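Think of it as A, B, C and D in the order they're written, each chain with its own count starting at 1.
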Amino acid sequence: MTNGWTDIANADVVLAMGGNPAENHPVGFRFAMEAKRNRNAKLVVVDPRYQRTAAVSDKFVQIRAGSDVAFLGGLINYALTHNRIQEDYVKLYTNATFLVKEGYAFDETTGLFSGWDKDKKAYTDKSTWAYDIDPKTGFANVDETMQDPRCVFQLMKKFYARYTPAMVSSICGCSPQDLEKAAEIVTSTYLPNKVGTIMYALGWTHHSFSVQLIHAAAMLQLLLGNIGMPGGGLNALRGHSNIQGGTDCGMAYHNICGYIAIQKADQAKFEDYLNAVRPKPLRPGVMNFMANYDRFVVSQYKAYYGKNATQENDFGFNLHPKLPVGAAPGTYQNWSWAYMFDHMYEGQMDGLFSFGMNPVCNGPHSRKAIAALSKLKWLVVAENFETETAAFWSERVLWLNGGKPEDVKTEVFLLPAANFAEKDGSFTNSARWIAWKYKALDPPGDAKPDQEIIARIFLKVRELYQKEGGKYPDPVLALNWWYTSPNKPALEEVAKEINGWAITDVMDEKDPKVVAVKAGDQLGKFLDARADGSTLSGNWLYIGSYTQAGNLTQRRNGADPSGLGRYSEWAFNWPANRRVMYNRCSADATGQPWDPTRADIKWNGNKWIGDVPDYKPDSPPEAGMGAFIMNPEGVARLFVPGQFVEGPWTEHYEPMESPVQNPLHPDGQSSNPAAKPFKTQWDKLGKPDEYPIVATTYRLTEHFHYWTKNNPYNLQEQPEFFVEIPEELAAEKGIKSTQYVRVTSARGSIVGKAMVTRRIKPMTIAGKKVYQIGMPIHWGFFGAGDQEGSIANLVTHSVVDPNSFAPEYKGFLVKLEKA
Amino acid sequence: MAGKVLEIRAMSASSTPAPGIRSAPVVAKLIDTSACIGCKACEVACQEWNDLPPETTVQIGTYQTMPDTTPSFWNLIKFNEHETDDGAFHWLLRKDQCMHCADPGCLKACPAPGAIVQYNNGIVDFQQDNCIGCGYCIAGCPFNVPKMSRQTKKVYKCTLCVDRVSVGLEPACIKACPTNCLTFGTKEVLLQKAKSRVAQLQTAGFLDAAVYDPPGVSGTGVVSILAFGKNPEAYGLPKDPSVSFAVEIWKGPLKWIGNIAIVGGIIGTFVHYLRFGPKHVPEDDKAKQADAGR
Amino acid sequence: MTTSRRDFLKVTTIGGVAVSILGFDLTSAYAEVREMKIARTTETRSTCPYCAVGCGIIIHTLGDKSANVKPAIVHIEGDADHPTNRGALCSKGITLKQDVVNDRRLTTVKYRAPGSSEWQEKSWDFAIDRIAHLLKQARDEKLVMADAQGHTVNALTSVGVIGGCTDTNEINYLLVKAFRAGLSIIPLEQQARI
Amino acid sequence: MKPVKVAQGNVLRYNFTERLVHWTAALSYIYLLLSGLAFWTPWMWWVAMMLGGGPVSRAVHPWMGLIFTAAVVYMYRMWLPDMRITPTDLEWRKTIRAYVRNEEEEMHPLQAARGFDRFAPVDRFNLGQKYLFWLMFWAGLTLLATGLVLWFSDYLPWSLRWLRLLSAFLHPVAFLFTVGGFIIHVYMGTAVVRGGFSSVIRGEVSESWARYHHRLWLDRVTGASAAKK
């Protein structure tokens, strides 16, 4: 989230799209309801189904699963053609004024950008997706009037002109009037004193074009001047209690803690790596905060390797593993989830640790996951309950793939783990609030907290290396395992380390005679970290969370003098306890708020007051530092110069399995040109003639993922798997509610009760009648009551978005029959 | 201890007036159905707080947990689909539970002294210890609320968490509700809130929006805001509920007529005896004579 | 006969009056209100482990934390002070007690030997020992120190670690620190990807 | 019925089965009445306490109801021929006022013979008894039907709730009718018509009693008087 849950109450318009907050985040959704109640805010819901959020909406539009980009394109086009954009904001805070490099082009017939290699079927040259750079200064050229045909704004207008209401209707299946009505409400926030927010979740991220989809939403919000405003922003709701903290803390193959890209094998020298993570400024005067990343990398190494990270060994640059290069030049190996399971299936892996994960259920394509796990030599699962993954070798699960337990040679350890109530520590919610929780009781029986499991495994391996030696034992032995109780590190100590402290006295950068942070003191702010090895910090983003003032994640001051739901002294909000990100945009060029009733920050002549500014606190507005301090441009990117693999703009591409050819370019590229299916025997994609129905998967409010199937109360609320089927389709197939139906995709099939409903309507897509059905996840083989193995992911495929590598759970093809 | 806090305003089958004389603010629950998202937090909050066993359910072709409330499930969100004349689709979500009527039909119909009580704060509570399981309250209720347990042969329903309310806490469902669809407070304050919310809904285009506080039962302790206020049936609510005529007659005039008749009958026979005495059978021979005489 | 009949009525009437005068007064029982079940429990502030709203919860446990008490969860309810949920919880959060107190909870280490069709109960020492050996073996065999182009790699990709999305930041950090920085494992993934 | 002389001057009015059925009905009715009164008015709640408490009374009441109805139905089978209302009954009804006022006695002995003539002769049961029988029969069936609905009240779907309400209303109405009949019956059988109570205990009545109250019946069972007539 750019903003926060409590901040949503400040919105005038809430667009819930690609998410079903009332269903999946009911308590967070209360702020949307507050906005409705207290500000008469309008709630617009765009979704494949009329669902719980739609039940309280002011405008609901049904679209086909997988057509969200077209709808957003329609909204962008509406804003641009009806001149419903906040022009001053766009000029100040986006790259709309930037000139684009000569050579950049988009072919409307093929649906491809410049740089496409027809033979290799790939973008081999992305060099034209760039700004027009002044060779002398290295800065991008701009046209403040936005009239230059090569400026981002003009190119954008032209690009999205194709997303007419008629075209959107033909792609999404909604009426043109529906689009226009929704657009009228959503774009009403273009006025400086009107703010709209977007709440999205996995309905946007589960596509083969998910990153671009979110880019489109960001473009819309930037055009309307909603980013950085209280009540605005682009808010990812996120699905797990600490999925935010997990990504913050580096649980991803491609970055280390704090979203710093992982070191690559071809970065031979430490300097190469640091240069790769520290971009050069693209405009004069910008802050370009990422230039500080050397401090954070070195501090992170110091946290890892302690005394063994020295200036001489580049602070342990070679102790840390590097991402190996890939087969194709200029690429790197991909170990993201779906790729990991593909590699596992190909026999490239020996072992897997799973801490509370259940890939047989939660990963794409359950049968492929089971086949992949069967190739492992060993599997370690730490869990609260027996899961389908832990027992994937049992006959109960294995029948899905037709195997026998004796053929599965995987050695499996199922370790009983403590749950949330049985240990302390902090969770970071989607509003980036890091909040401490306390232990209420001991785990049952022999169950152990995860820190003990991790520590004991690591220390045992270290012991083995100490005793018998082995391959490259250096990092194992060098790791700084300083905890008072090494076998069971106290999480308070870990929290201290994540924030970091000064190892030796840290001198003030302006006045080197003044000690900024005393040796042994906790770091208080980002720039307390040093690249010279005098500080350590496990995760720079969390600096400020555990300072000399104590563990700030434990703060419980509910005061909100701002009246904007900021709660600045409740827990700790990364970054730097800033509640609204990009809040410099909430004020105009002179530093005065666009809307005085919703002032997040304000220039008082000497400094910025209000929320923690997302800006240099004492840099006057006229200095023009750039509101987006993390971007080397200093502004937000409407046009993305090369960071994404499928183009600088968001174009509508059909899902990998689609009932129609892309109506935008029927003779050109239909699906995402950069998304590539895997090649194993499991990875089949269906064709619309055999699988004519669009299917989507989702959660229900009564269950949490695959956990609550162990809880009798939750099972009572939603006892069994079902398939939501439009009335018309059911009539066509002679299906009645509660009869069993079989849903089959090219990957497998699944049986469940039919829920015949008026809440999903048939659609006309590109002149063709298309039905869509929906299936909730949540059930499996293990749990309270009778579980029948109705795992929705038995029918999903594992093609992933080429930027984020998230699988396409929404909008795939199936056929439906009576069971 | 808690019992001392709440006095009794009315009691089932009471031969004397209920003892409570202290006034207490009448508490109420406001259900803004237009803000209900059907998340069912209230359903399980109720069960969890009251330690009620989970029910065994099956998928019945809707999002609704089960067709109806049960003895161990006192609070059910009903999912009603509604299409307005202009073709707009609405999912009408309503919390089905005891309405805590000011004039409770259940209490009126109940023959067991003290099995149903109404506290001075308006809460209508079933005291299972005194319940005899006759099911008359089921007949007395215009909202189909009381449910009899097959095991215990006692009737159960929402208590408005009287155990919480009596120590100054809000009911469990109220606390759980994420969207502020449920509000707890004194009825007076809640009715004001309801009024302004109805006005807001009317401005938003729901011209029929209204407060559902049926006068037929002298108002309820559970007040609902309905966007389609002219059509409570669309929510599964009776249009103009009242304690049934049959119950009113039965527990009203019929009771007095019956009592008078019974007592009158006994007195009548007694008076008859005093006045006329028994019949004497003539001696056999006299009868024979009489026979012969004919 | 007639008198006895009348006597019967007389006796019952008098008896009834006597009984109702003498007792069977139920009014004391009428006013009973159920006892507040969390009147004297211990309250622990925690955070709901489900979605990312991060609702504050209060865990009520049996006893007052005195030395001789083994706490058990009596009730879990929303934390009214928490600015996000202000006491509210959804249908999942409200049933959290069942997530903790559940007869399906794992309480012993289970081990499945290769090819076996059942679990065996094992000790922690066995599990830790065996896992460490397997992990070291994989690392010794598959760790890549340099690739074909001569780049330093020092990475292990044949062992993966998934998890952490519902565990604390500190656990996530320990996973990253121990498994990536310490044991050189590259495939570290979690729910955010899927 | 075969005339049986049981003792000198006595006639068997009720055989054992009849007495048993009568008392089954009577005792079950008394239980139903007492527990029913407890449910009817809180003033009588103490009766339920005496009967083992409210829940017990509530639990036993329907079973007693079944017994009572069974007895009533058996009586119907048993006494139907005797209970049909005949033209003679209608004749008898014309003088009911005098019957109620015991005026037959005032005439005796002076106008004994005429006195007898003032009343139409009565067969085994007089019209009042027949009314009681039919009242108890129809009320019994009503009580059974409505009682069953109330017994299984919680099984009744909400759409049939009118049935529950109707039953809740009709059950006490029918009850009140039976109470009326019961009071008169008990009063007549014990206080007014001396010998009536013992007849249903021991089964015998004196010939004169029979002649006085049920001449047609006596004539029929003895055969003789019919001839004499």
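Just so it is clear, a contact is a pair of C-beta atoms (placed from the backbone, for glycine too) under 8 Å apart; a residue touches a chain by one contact, two chains touch by 3 or more.
Please read all numbers here as calculations on a predicted model, not as lab measurements.
Among the chains, the centre nearest to the mean of all shown protein C-alpha atoms is found for C. Here the two chains linked by the largest count of contacting C-beta pairs are A-C.
Chain B and chain C have centres, each the mean of its CA atoms, that are 37 Å apart. Computed centre separation for the pair chain A/chain D is 85 angstrom, with centres defined by C-alpha atoms. Each chain gets a centre from the mean of its Cα atoms; for chain A and chain C, those two points are 27 Å apart.
The geometric centre of chain A is 50 Å away from that of chain B, both derived from CA atoms.
Residue positions 26-27, 30, 701-702, 712-714, 717 of chain A each touch two or more of the other chains.
Residue positions of chain C touching 2 or more other chains, listed in rising order: 85, 88-91, 93, 95.
Residue positions of chain D with contacts to 2 or more other chains are 191, 194. Against chain A, the residues of chain C that register as touching in their complex are 44-56, 59, 61, 71-73, 81-85, 88-93, 95-96, 98-100, 102, 104-117, 119, 124, 127-145, 147, 149, 151-194. Partner chain A is touched in their complex by these residues of chain B: 34-41, 43-44, 47-48, 54-62, 65, 81, 83, 89-91, 93, 178-181, 197, 200, 203-204.
Of all residues in chain B, only 13-15, 68, 109, 111-113, 115, 130-136, 138-140, 144, 147-148, 150, 153, 244, 246-247, 249-250, 254-255, 257-259, 261-262, 265-266, 269, 272-273, 276-284, 286-287, 289-291, 293-294 touch chain D in the complex they form. Contacts from chain C toward chain B in the complex involve residues 26-27, 29-37, 39, 75-78, 80, 85, 87-91, 93-95, 97. Residues 9, 38-43, 45, 48, 54-55, 57-59, 100-102, 104-105, 108-109, 112-113, 116-117, 150, 153-154, 158, 161, 164-169, 172-173, 176, 179-180, 183-184, 187, 191-195, 206-209, 211-213, 228 of chain D are the ones touching chain B in the complex.
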